[in-house]
Amino acid sequence: MTFTNNLFYFLSFVAVLSALMVVLSKNPVHSVLYLIITFFAIAGHYVLLNAQFLAAVHVIVYAGAIMVLFLYVIMLLNLNQESEAHKSTLMKLAATISAGLLLVVLIGSIRGSEQLMVQPQQVEVGSVKDMGRVLFKEFLLPFEISSVLLLVAMIGAVMLGKNEEEGKNAS
Amino acid sequence: MVSTSTLISLVPLFPLLGFLLIALNANRLSKGVTAVVASGSVLISFVISMILFFNLLSLAPEQRSLQVELFNWIATGKFSASISFLIDPLSSLMLLIITGVGFLIHVYSIGYMHDDEGHNRFFSYLNLFVFFMLLLVMGSNYLLMFVGWEGVGLCSYLLIGFWFKNNDYTAAANKAFIMNRIGDLGLIVAVILIFVQFGSIEYSNVLSAAAAGGGSEILTLITILLFVGAMGKSAQIPLYTWLPDAMAGPTPVSALIHAATMVTAGIYMVVRNNILYTLSPTSMGLILLVGIITALFAASIALAQTDIKKVLAYSTVSQLGLMFVALGLGAYTTGIFHMATHASFKALLFLAAGSVIHGLQGEQDIRQMGGLRKYLPITFAVFVIGVLAISGIPPFAGFFSKDEILAKAYEHGMVIWAFALLTSLLTVFYMFRLLFLTFFGQPRAKADVLSHAHESPPSMTIPLMALALLSIIGGFMGFPEVFGGTNPLAGFLEPLVATSNTHLAEHSLSHNTELTLMAVVVALTIVVIIAAYIRYVSRKHVPAANERNVSALQRTILHKYYIDELYEAIIAKPLFAMGEFLQQFMERLGIDGLVNASGNGVVGASRYARLLQSGNIGVYIFIMVIGIVLILSANLFL
Amino acid sequence: MRAEDSISPIVPPEEKQYSYLNLGPTHPATHGIFQNVLKMDGEVIVEAESTIGYIHRAFEKLAERRPFYQITPITDRMNYCSAPINNIGWHMTVEKLLGVEIPKRVQYMRVIIMELARITDHLICNAVIGVDTGALTGFVYMFQQREHVYEIYEEICGARLTTNLGRIGGFERDFSPKAWAKIEKFLKEFPEVLKEFEKLLVRNRIFMDRTIGVGGITAERALNYGFTGPNLRAAGVDYDVRVMNPYSSYEDFNFTVPVGTQGDTYDRFMVRQAEMWQSLSIIRQAIDKMPAGPNHADVPDFYLPPKEEVYNNMESLIYHFKIVMGETDVPKGEVYHSVEGGNGELGFYLISDGGRTPFRLHFRRPCFIYYQAYTEMVKGSMLSDAILTMSSMNVIAGELDA
Amino acid sequence: MKTLQGIPLDYYLWLSAALFTIGVLGVLFRRNAIVIFMCIELMLNAVNLLLVAFSNYYSDASGQVFVFFIMAVAAAEVAVGLAILMLMYRNTKTTDINILNRLKW
Amino acid sequence: MESSKTDAIISIIRQEFESEIVHIEQPYQLLTITFKPERIIEIIQFIYSHSELQFQFLTTLCGIHYPDQNQIAVMYQLHNLRTNQRIRLKIFLSADQPQVPTLTGIFSAANWMERETYDFFGVTFIGHPNLKRILNVEDMIFFPLRKEFPLEDQTREDKNDALFGR
Amino acid sequence: MTLLLFKVILILAVFAISLFMAAYSTYAERKVAAFMQDRLGPDRAGPFGILQPLADGLKLFMKEEITPEVSNKFLFVLGPSLFMITALMTGVVIPWGDLINIDGINYSLQITDVNIGILYVFGVVSIGVYGIMIGGWASNNKFSLLGAIRASAQMISYEVAMGLSIIALVMMTGTLSLKEICEYQAGGVGGNWNFWNVVYQPLSFLIFIICAFAECNRAPFDLPECETELVGGYHTEFSSMKLGLYLFAEYINMFISSAIMATLFFGGYNFPFMHDLGLSQNAITIIGTGVLFGKIIFFIFFFMWIRWTIPRFRYDQLMNLGWKGLLPLAIGNLLITGLFILLNNRG
Amino acid sequence: MERLTNRSKIVSDKKMTFLEKIYLPAILSGIRITIKHMFKKHATVRYPEKTREFSEIYRGMHVLKRDDKGAERCTACGLCAVSCPAEAITMEAAERKKGEENLYREEKYAAKYEINMLRCIFCGLCEEACPKEAIFLTDRIVTTDYGRDSFIYGKDKLVEPVDARIDVTKRQTPEVLEFKQHKKLSHNR
């Protein structure tokens, strides 16, 4: 009981802190690295929630692919803190206030909910088998559609990334 | 050894593979390779079909129904459809016809299409057609049948418009397509109704449920709608006009699709659902009526046609009508029997006609033929066999099947019998007219065409001979009981129609009556043949080239009773007029006005609203967040 | 804030961001010291510029201060992969100036040495192409054989890399029996290793993919750029000094001129490979045909008298002194002599004013001339290709900078 | 896994609300398009976390399947988005989001 | 080289550029023609494209300093690979300000050769795309291969650098 | 002995063995290279030079630590550390042996049997990219950056084909757990005739081993560090033990991939006739572990063997091979496997 | 471009067969070769323990010879310095004094004789130039060192010790050796 709770607090602390650092650190590379830490904390939460498969996929997809892409782009563009212009203080203040407002409203809406315990289930919903069963039975159509989406995104990315001059030369 | 279930799934696979192989490599494959792949794939299917057929024969009659489910195709809510194949006597017979005749026609096409630039495309379409046709007959549910149904329609469209550079041909293709859609509409509505009514679209479920449930109005509605589909596909009045026009396609297509296989889909479908029909006498009556009218009507049109393929096309329509007569009479096996024999001799006739056309460099008008006996001896021989078969001269194939229909009609009543007999005699007349005009008498073709007239290559003549053989012996599969023994085909199909037979009143004709009928029919036939001989050979009558020289009746017939014009006047014109009206008033004033008004309004409003757009994304996001906060708080506090 | 104020300058697309990469002067792939500044778009080279001269030693100037026999060690240091060719080329130039008739035996011995040198030259180049594609092992196999050739040099002249081999008029001494034995051994062993090396690379798809179509140059451009040697032959022009202007009795030997088709890296590799086989056959022929005779021509003004004479005989001693001091007369004149070096036509343009040193000596260094095409050849290719192109052109920094 | 049990569901609600708000803050706060992009990812993950928590609570795998789809969509989004960013950088030499103020017409 | 061939070449060149020829000789069987410097590029272009000459391969190019005449010669050596004939062309320029048009328009190979000649002798090749020093450092102020910059005497003994001297 | 104590010991052992194997892989690499090239290799430190790894390690520790002025100090240290950590983390899910019986209690020679073991491996491997990327970027050197970019692109690309090739295997065995896959191949000849997976999935194995080469940045896929092009690639600027970490981690990766290959395709700790010898369980386990290490060592040798034989690819050719060659092949393999499973289940 | 000679032959074939396209056969044959080499004789020479056999005429470190009686042969004629293309030899001549006959063979000798080994290119021209059999190159190696100064070899390093003569007879031609056997020339030993 306490172990789980402690773990939860620790992971949450890490997640929130590094999420904040994502926003606040000046160097985009640091932002990326903090975000990766956040993702790891979230993956830890997944494991806590008995969703090991999802945790692994989360790490592979987010940390292994998406964030690498981010890092890749930042490296290619060679961005560092000097390159970012800062917003005016007024804008920053406004941003903070409105985000705070959002938080307040969210908390307000959550506050009413009762205390529900998350229990590790007898039925292992997080196992590969269960996931697969649900995914390929109930969600087959969305699954197929999302595969199409990925394909389209891939083509789109390639088209966008393609050098225009090359295209001209080819034609 | 591969299991039977695998074999079943292999049957449609090979034509599909053939299609994919050819279609994807159309520009790369040589003509020879394409031809071998296309025909080979169908041949393999044929061989497998044979194996399946004999497998089926080896089973006890009650067990002769193999179903193999490949995978679940659609599963949403209660609705589920699987890709699964059903092999029973009916579909296995159909398989044999499709793949067997199909294979022969493939081989024939090798010679016929050899010099065409679309050679590879043609074969890919043919293979695709065979695939869809197999799907149609093998599907174990209505949806799969519908897929096949649509697929063959598509292939038919593609093949009719094969020479798409000719506008008329494209128009014919369009016509066929649209006509078929009308029928398909009926079919799909019927399928939906079936699902609503029975909660399933599997044949097994539906048919057994229907048999158990008995007749009802909804069943009548379903069957009529199904029959609408059949009318479209099998070219029955009033949806028949596309078929003669479909002769625009290459001749092998006419033979395969528009004589032997696709047009019989309607027959197949009705027989497949025979229980439903048996349970709704109204529909049976409708079928009978439509069938007999179509048969007579088309036969009369055929009398005056001068295009060799058109004659055959109307003949097909007429024969299909006859088959529906049989079905309307509840004689399902008879219908199938006639369908099978018809498939062989009509394919033969078409292909022979194609051979003639091939030999005369594309000439189709029989007024420009005559005396071709000497030039095309093999074609002549097989054509004669075909004509004898369709005319019902014993012991050729047509004799047995036609006679069976006539006998059934006689059981039912003299009127039907009389009409059927009339149709059959008309058939004899126009077929012999065709034969005499084409092959007898003096050559009327232009000298230069004639000088090049030649017998077709072996790849064309060998399939002809094979089909001729079938036309000769094909009738014996339905050898009537009158001559002793049992009817093997009827026995084979028995499990299929057993339930229906229990519902149908048992007629039986005494052997004597039957024999007498046969004698009468044969005698009349011979009389008609002699008449035709006198008219076209002795008197050397040739249809006039000029319309003014013919009688009004003849002219009417020649113009197919002005049916096309009638359709044009009563359907197309009003439709166009209504479209014009809607375009003028509703569209321009009503809808456009509304749309434009809203557009103008937005433009006017946005002239001011756009000032909000600073173009600064940060600001947008900011506003968005504020919006979210507002919405959430509204949710929270209100 | 008005929107118009914040409209940013849009960078014109032609000013894309390129990065610059310094390939050299000390990069593992620049075998020697020279620099290429590559303007890169990602991994693709947009433009290149070569800077050379890092080991320029002013040989042409030095030569104007050296007696003729002292120029031989200078030539050693041009194409140090095939130093004997340079040495002998220089000797033949002087002999041409002097109009000396060289005995057949000396000519044949020179052929043997020069072909051995060509083998080492090509061997290094091809082995290094292997290294630059990542296949190190073939390189080591080949280098063992280079070692054997160097041992042969050592038996003949006492040195291995910068040989200072031979003298004006012939050789300082006859080949020892040990040298002959080593040559025979090499002729026996080398073909096996060469075959093995070919098996490792020649039909390996990875290697073929890496080299085919890489750094190609057409025959026209190659000629315009003054290509000679294997690089020109790879482009399909069968220009070989040994065939076109035979020297040192090359006309006596039967060999073919291997050519390529597109002038790409693979062609260059294959041409060099084939030339090694041809060289082996030439050496074989030379040994078989080797005539008897003296190991030097009769040039008392340039070839040192035998030591025993010097120790004992005053006249010889005087000659000895005269030759060593470089005080012998040479004819005035202008002579150009070229030999087929490891990398192509190695020319010596010598103007003599009759003095003890050349008035002007110009080396036609094949590397220097064809390396300027490098920038053109790598344009649009990838970094890896640029490196392979460089190593397959066999740029020897010593010859490049002279 | 006996030790792991009993974290109240609303803890997760708080946590993901916090993460989400931080994401929003980042989007508002920063001008670097890439960082904004990352903050959007953060918001998506906040939602994912909540979905998994709910899924576990109701012992229904659907929630996890949604997370799966969100990941797929995120991957697609990142691929296209970063390609656009590259294009933007290529044309403007900056990733400052304010530079894109010509999108208004 | 057979004399008939050389004679043919000489006569073709004479026909076109009689007035430009200063001197013709054949040291060691290599046809050497000295021209006036003004139209040298034109001449090379001519013998490059003339159907019988076709000297389409630039073997080498170098400078020679003659301090006594205060002249710098530029030597072009061309080669017809098809007939295997070589020809050497020479021009003499004043050493004070040697200038000659560039050959890079005809031979890409001339690029570095001319740069080298510039580097060594200070010959300015007008129109050269990138005329700067190639082998020596760029801030060098003299042209090392001119004779007025002698190498140190080989036999001198005053220099006794512990590291590099002797 | 409690389970916890056993696990701790096991973890330490795996850690130590990984490091030991990596250290001796460097030695083996040099020896193998030398022998293949007719050389002798290191033979000065100790008999046959077997102390060479120690000497190397000592040298790396003693070397001057150079951090480039312009680089990002923290990231510069983080890069190699991360690479090393991820390399070591993979060993957790590999079954090093069967059950061992101590004092009547059975202990499994596997640190933890995660039921999604293969996914875990992939997850960890995908983190390894960061080590290279961060290190290469933080060096602030163009060659390093190029190397880092090549490495990350290459590793991500080949992970796809690798994953797909494994999925075929997973479909066949029906589990993601390495232990279960290993036990699936138990017995072998003489037992219940369950052959090694490589017999059933040769294509999958081929793709996997090629991808493993690419993931470990080994020749012919050693583009990120090819010295003739990029000087040293991503670790050009590293020196001292930071360089050591990179090199070490690479060898650990090699060791782990060999272990995974042995487990997935070559029966892991199983060996033929293992149950027919009549040995005690502990003996079988110990022999099995030995057999596993034999297989691993063979694969490590194979890695080296290939490296010293063939040339490397070019960047675009590598990508072509990955995306246009291996990926379709893997998908094809997947489909064929699926088809077989389908037919098998039906028949 | 047409062919210039009739001896040319195209040697590169860029078409790949299918087997070559699938990489594997070439790789297999490659690994066969490398594995074969694992069991071959190693070419390495374990240097400090074993040395490679030098040729008899190897051009290594110089030696200044003494004659049979132990007197230095060099007479400081300077030919070696003149012939040195690298200008590495420096010498100072001196007159032999009375009582030094056992030290120097001729009346003139080299008081200082230095070779800068960093400049020396071991071309062997000094050996050829020497009319007095005084300087020879040997198969000894000039050892490495840290400073540049130590590479200037003076007479202390160059002249052979009396008790440890360095044999150079292998470098000399048979004619020279035979000539030295002559009685009347015994002063030359």
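Going by the order they are written in, the chains are A, B, C, D, E, F and G; count residues from 1 in each one.
By our rule, a residue touches a chain if its C-beta (ideal position, glycine included) is under 8 Å from a C-beta of that chain, and two chains touch if they have at least 3 such contacts.
Note that the structure is predicted; figures quoted are calculated from it, not measured.
Using the average of C-alpha coordinates as each chain's centre, B ends up farthest from chain C.
Across the two interfaces under comparison, C-F and F-G, the one joined by more C-beta contacts turns out to be C-F.
Averaging Cα atoms per chain gives one point for each, and the point farthest from that of chain G is the centre of B. Taking the mean of the C-alpha atoms as each chain's centre, chain A and chain G sit 71 Å apart. Taking each chain's centre as the average of its CA atoms, chain A and chain F sit 29 Å apart.
Between chain B and chain E the centroid-to-centroid distance comes to 90 Å (mean Cα coordinates, whole Å).
Inter-chain spacing, taken between the CA centroids of chain A and chain D, is 5 Å. The residues of chain A that reach two or more other chains are 53, 57, 65, 76, 87, 94-95, 98-99, 102, 106, listed in rising order.
Among all residues of chain D, those that touch two or more other chains are 24, 28, 31, 94, 98, 101-102, 104.
Each of residues 81, 84, 154 in chain E touches at least two other chains. Across the complex, chain F meets chain G through its residues 32, 34-40, 43, 305-306, 308-310.
Taken in their complex, chain E has these residues touching chain C: 27-28, 30, 32, 56-60, 62, 64-65, 75, 77, 81, 84, 86, 88, 107-109, 111-113, 116, 120, 133-137, 144-145, 150-151, 154.
For chain C in complex with chain F, the touching residues are 19, 21, 27-29, 43, 130-137, 140-141, 144, 200-201, 204, 206-207, 209-210, 382-385, 387. Listing the residues of chain F that touch chain A in their complex gives 72, 75, 78, 114-116, 119-120, 122-123, 125-127, 129-130, 133-134, 137, 145, 148-149, 152-153, 156, 159, 176. Against chain F, in their complex, chain A makes its touches with residues 29, 33, 36, 52-53, 56-57, 59-60, 63-65, 68, 71-72, 75-76, 127-128.
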